[in-house]
Amino acid sequence: MASVFGTVIHLSIFGQSHSPAIGCSLDGIPAGIPVDAAALQRFLDRRAPGRDDTATRRREADAPEWLSGIVDGHTTGAPIAAIIRNTDTRSQDYDGLRRVPRPGHADFTARVKYGNWHDVAGGGHFSGRLTAPLCIAGGIALQALATMGIDIAAHIQSLGPEGIADEPLDELERDEAQLAALRAHNFPCISTDAAGRMRAAILAARDDLDSIGGVIECAAYGVPAGVGDPMFDGLENRIARIAFGIPAVKGVDFGSGFAAAYLTGSENNDPFRMVDGQPRPETNNAGGILGGISTGMPIVWQMAVKPTASIGRAQRSVDLDAGADAELTVRGRHDPCIVPRAVPVAEAACALALLDALLEDGRFPTPAPRN
Amino acid sequence: MASVFGTVIHLSIFGQSHSPAIGCSLDGIPAGIPVDAAALQRFLDRRAPGRDDTATRRREADAPEWLSGIVDGHTTGAPIAAIIRNTDTRSQDYDGLRRVPRPGHADFTARVKYGNWHDVAGGGHFSGRLTAPLCIAGGIALQALATMGIDIAAHIQSLGPEGIADEPLDELERDEAQLAALRAHNFPCISTDAAGRMRAAILAARDDLDSIGGVIECAAYGVPAGVGDPMFDGLENRIARIAFGIPAVKGVDFGSGFAAAYLTGSENNDPFRMVDGQPRPETNNAGGILGGISTGMPIVWQMAVKPTASIGRAQRSVDLDAGADAELTVRGRHDPCIVPRAVPVAEAACALALLDALLEDGRFPTPAPRN
Amino acid sequence: MASVFGTVIHLSIFGQSHSPAIGCSLDGIPAGIPVDAAALQRFLDRRAPGRDDTATRRREADAPEWLSGIVDGHTTGAPIAAIIRNTDTRSQDYDGLRRVPRPGHADFTARVKYGNWHDVAGGGHFSGRLTAPLCIAGGIALQALATMGIDIAAHIQSLGPEGIADEPLDELERDEAQLAALRAHNFPCISTDAAGRMRAAILAARDDLDSIGGVIECAAYGVPAGVGDPMFDGLENRIARIAFGIPAVKGVDFGSGFAAAYLTGSENNDPFRMVDGQPRPETNNAGGILGGISTGMPIVWQMAVKPTASIGRAQRSVDLDAGADAELTVRGRHDPCIVPRAVPVAEAACALALLDALLEDGRFPTPAPRN
Amino acid sequence: MASVFGTVIHLSIFGQSHSPAIGCSLDGIPAGIPVDAAALQRFLDRRAPGRDDTATRRREADAPEWLSGIVDGHTTGAPIAAIIRNTDTRSQDYDGLRRVPRPGHADFTARVKYGNWHDVAGGGHFSGRLTAPLCIAGGIALQALATMGIDIAAHIQSLGPEGIADEPLDELERDEAQLAALRAHNFPCISTDAAGRMRAAILAARDDLDSIGGVIECAAYGVPAGVGDPMFDGLENRIARIAFGIPAVKGVDFGSGFAAAYLTGSENNDPFRMVDGQPRPETNNAGGILGGISTGMPIVWQMAVKPTASIGRAQRSVDLDAGADAELTVRGRHDPCIVPRAVPVAEAACALALLDALLEDGRFPTPAPRN
């Protein structure tokens, strides 16, 4: 039960990098939610490769083919299924990978687990390409959440070895100007200056036949207080469970997160105050979550994305059939940095986790019946 | 479905800080696993309060009362249930908390979610005390894993605002001397020097009516390659899901984790080499996990523990009944730092996540039948 | 994951017939539901042995000891745990069962599955005694459903080889007089005459050192239309999944059920009519469920209970250690018919299944907040 | 979470009767299982409409388009997805159903649950057509089970109001001659004579503009002893949960099932005897299951299939928009009896339930690694 997420919703993701298609089935979504296919396509385009000179030159349209669950632009209550055809596949690039595993990829572990029966081409089911159906499902979740006033935004908080930093997302309230700036350009940064320096760092890594990583910050605005659960189904657990499903993510934290370990209690605790007649925390080191349950403040979390495992340089590996050391040069067209493309995936993951919690708590408003 | 974990195993945790008892039911554990109750008690003692002058002076025996699932010192295959009686309860300490929520605690979010019906005494179901039954279940999992040669160890990697650092756990192989040192003294550090400085920092925080946090590192040695799953049931997802169930944990990462965001691909990728006729990574930035599946290297992960929310200082809060600002001084006896006591909880969480994955993969060896 | 039920609620049942205690943890119940402990005890008493001369003479008080999740007579939102101590245990009765399995019991299958490590005394975790914690959980669910006007009743539809039949429950609407009659006496029948004949049949089976079974019918009145799901989470699937968890149940059907196989479509289809301005089926062959979803009519289902496997007569079996045929006479005190005691268990199972579906659909009304 | 089944495997079914496609994603299947696509197609053909003059004349090729999870004729360990295009759709047949619900169908309950947003055409997600992807998944499960010697067969046990009976499946051991007879002709009966009479009954029902139902019996041969779980994950619970997911199934029982309620314990208990040095029950009233766990005898169960809800006669219904009584004549081409086509679906359901239990128990043999 690997590629399945959720308690009330149920997301199943299928496909391999070079199988005929990749896709998803998303069960448990209430009926009557409007789905704007054009807006969803724009969301998918933010993840798709080939849009920007910092990304791989592979071009994949990532246009979902809707199979079920949506009629007349609304969810029907039945499982929503969509697929994306794999067209630009070049299986010959990957022929040797079954013998010589790529460092940093799942080639070796998949060979052991699956007795060498796994689909090695393009990373198979482990490919970052599988984040496309995650974004289809997440895109629907984002539109569902928008109907109740929840808005989710992510950006690159920090990029590369030098830690090129963007302006932080407002952790206290939705800042329309900031979100407008973030959505104004093709690169997921608030600061135009940071965006420029990040692009330069990515291109430099490419020229160096190397790759770089970064940290993505994501905020959900408008989540009402009281959503989530203690212990194993807290909002942290739910978001972390899905976020670690994104290839290359190696760390997840919330609010002050790892930095909280370096604060004192008197610094880290968020005092409550009455604001406009409502109790709310004055600060948001908790990232909007206490005891696994939303405080009413923005849900703020970060995820660490490792540098792309595929690099142009020769690397040391082993020939598993020969049982001997080997050298490997990964061919094909790869992103020197997948962080920009992972930003909408963080939003998708966050939306799915929150929607599931809201539904389980009976807090998602029932859509109006159809006339 | 908040306090339930696992796919093949099923751990249910129940109880509130001041309810008659806390406990757990652990379903899905194979029959025939020897359970050493004395060793399990020693494991629980590492988490229990009152053992050390750096911890709260509350004394709770934390002696489990076994209700079911174990006969003649072996698991029977039936659910294992155990409880711990709550004896040293002082409910009067908490009377005002329903009105004036403690910053950093779940008092406020629980009031919103549960319509003020939650048990506020001692934090109710949100209390750190609920990690005791987690350790009962985890202690059984640790003993089960030991039968197949898996050994899990955790320690304080870093403590307090100054980041007092312990020697890191060996990330390449089990180091018996290191583990012996770690287990030789009462404080969960490898280095005696670091232990001394950490103790001093905790006592200083107490004197300052404040609290501090830290980072715990945990390693699982002996996990065979090929265990785990891609996407949402990878070892990272499973460990993170349970680790975020530990109160005060605000971040989880694996291997180089957040630091990976600052490395290049050529630095972060772990090259493979043949060692003693077997392929294995030369380094372990991946924390023993690629594509959610174990590489055969130690599973290494970290969790950030925020400073204890309960501090002796007066704090700003609100009176929810009066709808007015208020000041709050938390009474009662609290740990100025819960990091030392959280170390065995990290081991417990890791053991439960790994055992579940091994069982789901059919990789946990069936115990020999009883004569 | 054997003894766990539910999607939004999560019921874990633990204990063996002769372990120190049996019990349950029930997670996911909303906060603020009033729990009347005296009424719950009366419900448990209907299942408890020793109340009637047709039942086993073992006396077990079945008084739950509440461990968590209920404060001031209301649910708190935290998991509800309760146990029942096992006192009247006579383990010596069962010493030979490990070698010579009782026909019709799980002694043999448990020995194979658990490598002979299972607790054989009294049937261990397979004992009908485990329906006591199921009734604790179900009793809470029944009280929760009552707050929204749902009333569940069961009775013996048919008993013994001659099929002694009770008057059927009204399948079209709640009949207060019928329910009052059913609840007026100790034996779960509507008809006093049928009750008398059933009692006589049970006592005759006892005198004959044999046992008899029967069919239980259960109806849930007041379930609103539109609850449940298609395919694998329909109300039928949910009720069947939990009902087959009751030992001795070998069949479950809904509405006309197996008899529907002998009707034509024109007979079995329930026509719709407008009644008091509302659309409703005129008949209820569907048992209140179409496509897995409630129609608004009573949910009506039946379960077949096999004759008690423990009988006083000598039976053929095998000595598993000697690998030879053997003869077995089951000792101890057993019910010649467990059908009367299984009636409240059917109600409990039905209540838990319905409550889970209502919660998953967001159709259970949120209790009012506490002042 | 309606259309999802399994613990270790995870089957998601999607699609509506008239959506672009229907399909499934089947996660958790081990890598290296050979999948014979031609044999699977023959299995699907047994369910497909239009093959026989007793069935609907709609012709649907039901040829799966494989999207993922199978490479070189073997499972890869990744989720297996396949779809079937909906081609022969005639949406205009269904235009009025949103207003006037068909008796015996889910039109009314779906309208209530989904706020009238459901896809009404052809029954939408409630259509019997959704059993096609269930058979794709089940067909793979059947092939997987065959690799360990498990063979599943079903037939029509009884058909129509007169209960035309087939010869029963051998409940004690696999009877090759019987299975060969069953598989020799197009109609799923062992007895040629019974087949002839059943066909005649179906054609008579058609001529009468009516429909008939029946009972299907299914047996799984070769299931080793010791598979399954007590309480809620017994083999009965698992099979029932999936079998009630088949539209029109209203009852499920095991072994002597409902008939057990009319036996005495001394009749119904299956005595054990040593046979060829192995302990085994002499009879099989238990249907191969005791305490939820397999006895090593054939797993035998029955499911009741109601008469097709769609009949040619005028029926009473209501106009939900007008709030008035109405008369309805269902148009379109429908089976006067779906029992023959439901026979392979029972086999599919049984296979999926057993495979999941075998995998959870670690009893499914790991396929040999690929060279």
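We call the chains A, B, C and D, going by the order they appear; numbering starts again at 1 in every chain.
As a convention for this text, contacts are C-beta pairs under 8 Å (C-beta built on N, C-alpha and C of every residue); 3 or more make two chains touch, one makes a residue touch a chain.
Each chain and its UniProt protein: A, B, C, D = Chorismate synthase.
Worth saying up front: this structure is predicted, and the values here are computed from it rather than measured.
Traced through touching neighbours, the fewest hops from chain A (Chorismate synthase) to chain C (Chorismate synthase) number 1.
Among the remaining chains, the Cα-based centre furthest from that of chain D (Chorismate synthase) is the centre of B. Counting C-beta pairs in contact across C-D and across B-C shows that the higher total falls to C-D.
Centre-to-centre separation between chain B (Chorismate synthase) and chain C (Chorismate synthase), using Cα means, comes to 38 Å.
As a whole-number value, the distance joining the C-alpha centres of chain C (Chorismate synthase) and chain D (Chorismate synthase) reads 27 Å.
Within chain C (Chorismate synthase), the positions touching two or more other chains are listed as 1-4, 7-8, 13, 78, 110, 113, 125, 230, 360, 366. Across the complex, chain C (Chorismate synthase) is touched by residues 1-5, 7, 13, 101, 103-106, 108-110, 112-113, 125-126, 130, 158, 160-161, 163, 205, 208, 210-215, 225-234, 236-237, 240-242, 244-245, 247, 249-258, 260-274, 277, 279, 281-282, 285-287, 289-296, 304-311, 313, 315-318, 320, 323-325, 360-361 of chain D (Chorismate synthase). The part of chain C (Chorismate synthase) that touches chain A (Chorismate synthase) in the complex is made up of residues 7-8, 78, 230, 359-360, 362, 364, 366. If you check the complex, the residues on chain C (Chorismate synthase) that touch chain B (Chorismate synthase) are 1-4, 6-10, 12-16, 19-23, 25, 27-28, 31-32, 65-69, 71, 74-81, 83, 110, 113-119, 124-125, 366-371.
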